[in-house]
Amino acid sequence: MIEALRKKAEELLRSKTVDVVYGYGEGSVPERTRPVFITKPEDVNKLTWNKYCVYNLTTYLKKQEARKLGKPAIVVKGCDAKTITVLIKESQIKREDIYIIGVTCTGIGEPPATKCKACDVNTPLIYDELIGEKIENKEFSFDERYAELDEYEKLSEKEKWDFWQKQFAKCIKCYACSSICPLCFCDRCIVDKNQPQWIDPSAHPRGNLSWNVTRAYHLAGRCINCEECQRVCPADIPLNLLNKKLAKETEKNFKYRSGYNVDDELAMATYKEDDSEDIFK
Amino acid sequence: MKIKITTKELKSDFAKEVEERSGIDVKKCYQCGKCTAGCPVAYEMDYMPNQIIRFVQIGARREALTSRTIWLCASCITCTTRCPKEVKIAELMDVLREMSLEEGLANPLEKNITTFHEAFLNSVKKHGRISELWMLNEYKMKRPKTALQDLIVGPQMLSKGKLSFLPHDIKGKDAVKRIFEKCK
Amino acid sequence: MQIEERTKIGYYPGCAITMGSSSEEYGTSVLRVSEEIGPELEEIHDWNCCGASSAHATNHKLSTALSIRNISLAEQSGFKEILAPCPMCSQRLIISQKDVADDEKLKKDVEDAIEMPCNGDVKIINYLELIKNYCMDEIAEKKKKTPKDLKVACYYGCLLLRPPKVLKFDDPENPTSMEEIVEATGAIPVDWELKTNCCGGGFTLSRTDVVLKLTNDILECAVDAGADAIAVACPMCHANLDMRQKKIEKEYNRKFDIPVVYISELIGLALDLGPISLGLNKHFIDTESVVNAFA
Amino acid sequence: MGNKKIGVFVCHCGTNISATVDVEKVAEETKKNNPGVSYTTTYKYMCSDPGQKLLRDKIKEEGLDGVVVAACSPKMHEHTFRNAAIKTGLNPYHVEISNIREQCSWVHPEIPVGTEKSTDLVRMMTEKVRKDKSLNAIKVPVTKRALVIGGGIAGIQAALDIADGGHEVIMVEREASIGGHMAQLSETFPTLDCSQCIMTPKMVEAAQNDNITMHTWSEIESVDGYIGNFTVKIRKKARSVDLDLCTGCSSCWQVCPCSKIKSEFDMGLGNRTAIYIPFPQAIPSKPVIDRENCILFKDARKKNIKPNDSKVCRKCIDACPIAPVKAIDYNQEDEIIEVKVGAIIVATGYKELEDGLYGEYGGGKYEDVITGLQFERLASASGPTEGVIKRPSDGKEPEIVVFIQCVGSRDPAKGCSYCSKTCCMYTAKHTMLYKHKVHHGHAFVFYIDIRCAGKGYEEFSQRAIEEEGATYLRGRVSRVYKKGEKLVVLGADTLTGSVVEIEADMVVLASAMKAQDDAMEIAQKLSIQYDKDKFLSEIHPKLKPVESSSAGIFLAGTCQGPKDIPETVAQAGAAASKVLALLSSDELEREPVVARVDRQLPPVFSTCIGCFYCQKVCPYSAIESEDIKARDGSVIKTVARVNEGLCQGCGLCAATCRSKSIELDGFNDEQIYAEINAVEFN
Amino acid sequence: MSDETKFEPRIVAFLCNWCTYAGADLAGTGRKQYQANVRVIKLPCTGGIDPLFLIKAFERGADGILVSGCHPGDCHYNSGNYHARRRWNVFRPLLEFCGINPERIQFSWISAAEGGKWVETINGVVDSVRALGPFEGYHKINAIGPDASSEKS
């Protein structure tokens, strides 16, 4: 598989189909990998693929430094590939401007990441070249998909509040979550807007609540559940729970799952006349 | 109450008959109720004065002619005076009473009133004028239940010389009698 | 004011106010006052009862014929005007006169019944009209007594005013003729609300209960307005307010004890005519307070 | 603007405010606790001339650059006070209204409560004013042409008035002829003049007016744009007849074999052919083919062939004398044309209630229970019976006719709570027409109230009773059922408290005026509001009775609610005058409450990242994309931009933008933030 | 607010200009009384209400929030309320997930003709929030850290 990947990368670079290949390289220890940006065909051996390739490389599509390297080919797992669908929908990239090297994946991380438990994109839904044997994508029920929320949704109002206050209290406003997020691509994040200052930038409970709720809400109908935010959070806040909760509501209310179909209308930029009226009096 | 209207029953038009006899256009009444509102005796009536007109309008002959209302009307003419549509309601009552008597429909519950009228006119017919004592006598004989009503007033009137024992016969009493005959 | 007509006014007393009748003091005082200040009244020869309510309530033609007979008698005597102090009579005469004028057939029937023609050019007036038309100057001239603080509620009842389009006398909702006369006698008319209400009139015998209720309302209103006496120009009104007053008091448990006087009696007192000559002794409710006010 | 000098003017509104709000205290507290407030006062009536003068004087004297008027709802006088500010040179958008009447003094009876809330509300508005920015009215050009939707009396009147004013009018009528319901009426109240005699000349006038372009058998497909600049697509439905070639000679419909089709114009009481003109005076007096019922089209549908290829019946085209090209074209297709107009009048009319709603009156089962419009056709000299009153079932002259009022009106249980307004009068008229034609007949009318407000109307209805002898019975009819040849009507007369049973020969229902079935669709196409009964809504029931909720779109006639002919004509005239006023200027000024995408200095250019959520949510397609280019022409960034002409200022884009790069003038982020920030509960 | 019985909930209402604001005006015109605990912020359309506004209102001490606009289909801007409905359909569960009682964030459609409904709604919101008691959790976190109203500009 690695060989196939390297071969494809070399071919793309040689043919000048792309200027750069975003991929995974070996890290300092075997349990780690790092992102690499291959611009020369001779460097393709730096590319690797294993179960430690956790990063969602699409986040580099928003980084000026990476963009400067020219037209990219990008190595994506099934989950990461969903990001590209969203980015296309949100006018951030054009399909023809990138080359997608999809890799089939049976789960990453050790122990395996939460998202892999109910993974239904072992084979990416969008790609130009597929590396690895095509895997029949599984199907999960709605309940299975959001099973991890159960124990939190069952909590009482006060327990929920206390739980999240404890979590948010840890937040140091480092913004690693938004930096890593491939869909947090605003030039100026709302938290950086100071006229007016909607969200208090200092790290204290009030601002932390507002920040984390807003961050999650801004991903409503968009987050593709790569769990990168949660992974990079130095305070170990289970941020993906919030994302997942919104994904659940979006699916429940609007039958919409982000990143699955490039023809679907963006959930939060459209409406249906028969959307749920339940909470309205 | 039920009013039935069919092609057959439309032939006897009560409203038209009343209109012809009285010259009063009952159709004009738009049932505002002002007559009832101002009627001093309405509280005692079985039907309100406007309802009586309504009966005439829709041809409810029996209801109109057997009502107590037509007899309880005191002819104070407040209704006519204030009617916005110039319907002569009090005058209409006269016609209805007349028709009621003619058809023998006068409500027995107001027999006092009809008897009084009878006694009064009998006195006029007999003497040309009212002989109050004799008129009273006839009325009380016919309505014995009222006999005790004026137990105090009567003697006092007598003592004040207000009731004459002698009937006031006029010379032309026969002429008056003939009037009664001709106006039957 | 035409002097020659004064002497020519036909007098139609009607049954109620002739001597020996229930309201003879009205007739007595009317005649006594006219003796004093004119105009001269001459009783219509052999007049008959107008039929009153009982006739018009039951037989329109009869009612009309009975009234018209009197008018025709007056016409034959050459009267241009008839005074009918009893408003029942004046109303009946006026209405009958109008009815025959408006209805050719009725006129023919009536003339046939009374066996006399009827021209219809006699004017029928009530007592208030007579005083207002002929006597206001005379009262002012010949007035001898002025009552001391005598507050009078003028009560018109129904028959003087209604139906207004036929009777054409005064304002049907707020008449003032009697007040003007009362003022002329020196008494003070009070402002009150029920002066044109119905007293129950002819129901005095047949539906006494109705009469008692209506008259109670009237008495209450007059007394509450501060009246010392009620002035009337109608024998029925008088009978109900005066003769029935004790009964009303008993029925409604309120003491009124308010004298009810004829307007003619008030004029007479102002002219200093003897109370007895005016029939003031014939009232059921003692009139002494009124008489004394003129002392 | 650093520190604004803000003036606060608290209105007593007579005692409307001051009775339950201590206005002096509000002014005092505001001055004391709001550092930016340099002047406060109270006044008896701020909206009065002296009140406005006070405002103007103090703006000048005190050098105010921000104003809060604490008074009635901004819907009442925001405009007044902003105009007053303009006269002093202060930009009007520095004036805000604090609503302490409708939303405080009138609803909170206790003085301490009202005073506290008022103080809060004033503080919130003061903070907003602090952030108010000067805005300038937006100018947009005006297309000097009007569209009138509907060719009934309202549409015709409006079109004529606008055309007479010198402007082009495009009239769209969905039926084959203009004329609408008025053309169906026999006589009109309260004058009993023949409806067609007054309607037909107007129709001709409209047809002949050079300024009026008429599209019959056409419907509105879509409406885009905004006041002064609408783009309208009109669907010209396939008529199957070429209007330019056809002379209306009648040859075709005379030979048409499908002659048993119920005539819509005669309310089903008469028949028509498949190629037909709706009525003899139709304009244009050129036929249309009813493709549903024409046997040729039926055949073509069945065989799935082009209509012209069907050979089943070609009588009409054969009869057509036009040569060489026939005026009939079976293959004609719908055509969509696009027009640009500056103003629109909606005059789409009403629909008579269908009798199926009243099962208790037979629900359409009994032929002799007819609707008001059917009676009009029966009584009309040009109707199916040539004006002779015959009952539909057996053609007998009815001796007893019962008229039932409020059928579908004032009947919340049947979903129609309003009064249809015209039925009392037209029923009175019907009784008269009936009595004029059937002298010995008896007319009974069951009514709840007789509502005849209008010049000569009361007299008219009384005339029906007094002179024509119609018997009015006060009560609703409970049931109509058939008994032999008769219809038994079970009603009541509540005035006497009696049940009334009438054996009638015919029953006429005064059926309600309902909104057109597709009223909601037209409302949605035009982005205008409609009420609970689907009648189109005027923006203000008293002061803006012909204006719809969308600028530049006006209402005329019964599409807005039940009304009679005089009222309809008056409203049409009013709408036309509004249109003429609009078209009289070359450009329009409109409220500058529009969205704006931020622009920054390079290298940022704009904080907009170009995700175009705003574009997707905008109901007016007012968001465009703009490439920010380097000198060499290369695209640095693609960002959103607002088309001011299209933007209506809803703020949907602003709330959707995650980076808050798009804001709504007049309700920008800082203003709202300031307002929320000032909520400050104690 | 030490005394529980004296707790008066603090409600911020975000209303659209065309329907609910006008409905609230109508309640006033009809002199329909209701509880005075509400502070109204008027916006052109419910579609223009950013969830940040709600968060800010809680930061400023609101115990409850009402968002109200035109009935579905009646939006002055055609679809603003439909978009708003989507927004609240996900935002409210999010807050609930974070431990905020959903009764503290209420939504309604009140037309310009529904003065009565405005009164009922406001009284309903005030009563239900009163029953919940003060939003102590949020008040507590508001108390820590710098003053929320401090502004940098």
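Odds and ends about this structure:
Each chain gets a letter, A, B, C, D and E, in the order it is written, and its residues are counted from 1.
Throughout what follows, contacts are C-beta pairs under 8 Å (C-beta built on N, C-alpha and C of every residue); 3 or more make two chains touch, one makes a residue touch a chain.
Keep in mind the model is a prediction, meaning the values are calculated, not measured.
With centres computed as the average of Cα coordinates, no chain lies farther from subunit B than A.
Of all chains, C has its CA centroid at the greatest distance from the CA centroid of subunit E.
Distance from the subunit C centre to the subunit E centre is 78 Å, each centre being the mean of its Cα atoms. A straight line joining the Cα centres of subunit B and subunit E is 72 Å long.
Subunit D and subunit E have Cα centroids separated by 32 Å.
Chain centres here are Cα averages; for subunit A and subunit C they lie 109 Å apart. The multi-chain contact residues of subunit D, meaning those touching 2 or more other chains, are 617, 656, 660, 670, 673, 677. Shown for subunit A are the residues that touch two or more other chains, namely 190, 195-196, 198, 268, 270.
Of all possible chain pairs, the ones that touch are A-D, A-E, B-C, B-D, D-E.
Partner subunit B is touched in their complex by these residues of subunit D: 399-400, 442, 444, 450, 462, 465-466, 469, 471, 473-474, 486, 493, 495-503.
By the touch rule above, subunit A contacts subunit E in their complex via residues 152-153, 155, 157-165, 190, 194-200, 202, 204-207, 209-210, 213-214, 216-217, 220-221, 241-242, 245-246, 249-250, 253-254, 267-268, 270-273, 275-277, 279-281. For subunit B in complex with subunit C, the residues that touch the partner chain are 23, 40-41, 44, 72, 74-78, 80-81, 88, 90-91, 93-95, 97-98, 101, 112-118, 120-121, 123-124, 128-130, 132, 136, 139, 143, 146, 149-150, 152-153, 156-157, 160-164, 166, 168, 170-173, 175-176, 178-180, 182-183.
By the touch rule above, subunit D contacts subunit E in their complex via residues 73-75, 99, 101-104, 106-109, 113-114, 116-117, 120-121, 124, 520, 524, 527, 529-532, 549, 593, 617, 619-620, 648-652, 654-656, 660, 664, 667, 670, 672-673, 675-677, 679-681. Residues of subunit E that touch subunit A in their complex: 51-52, 55-56, 59, 72-73, 79, 82-83, 85-102, 106-109, 121, 124, 137, 141-142, 144-146, 148, 151-153.
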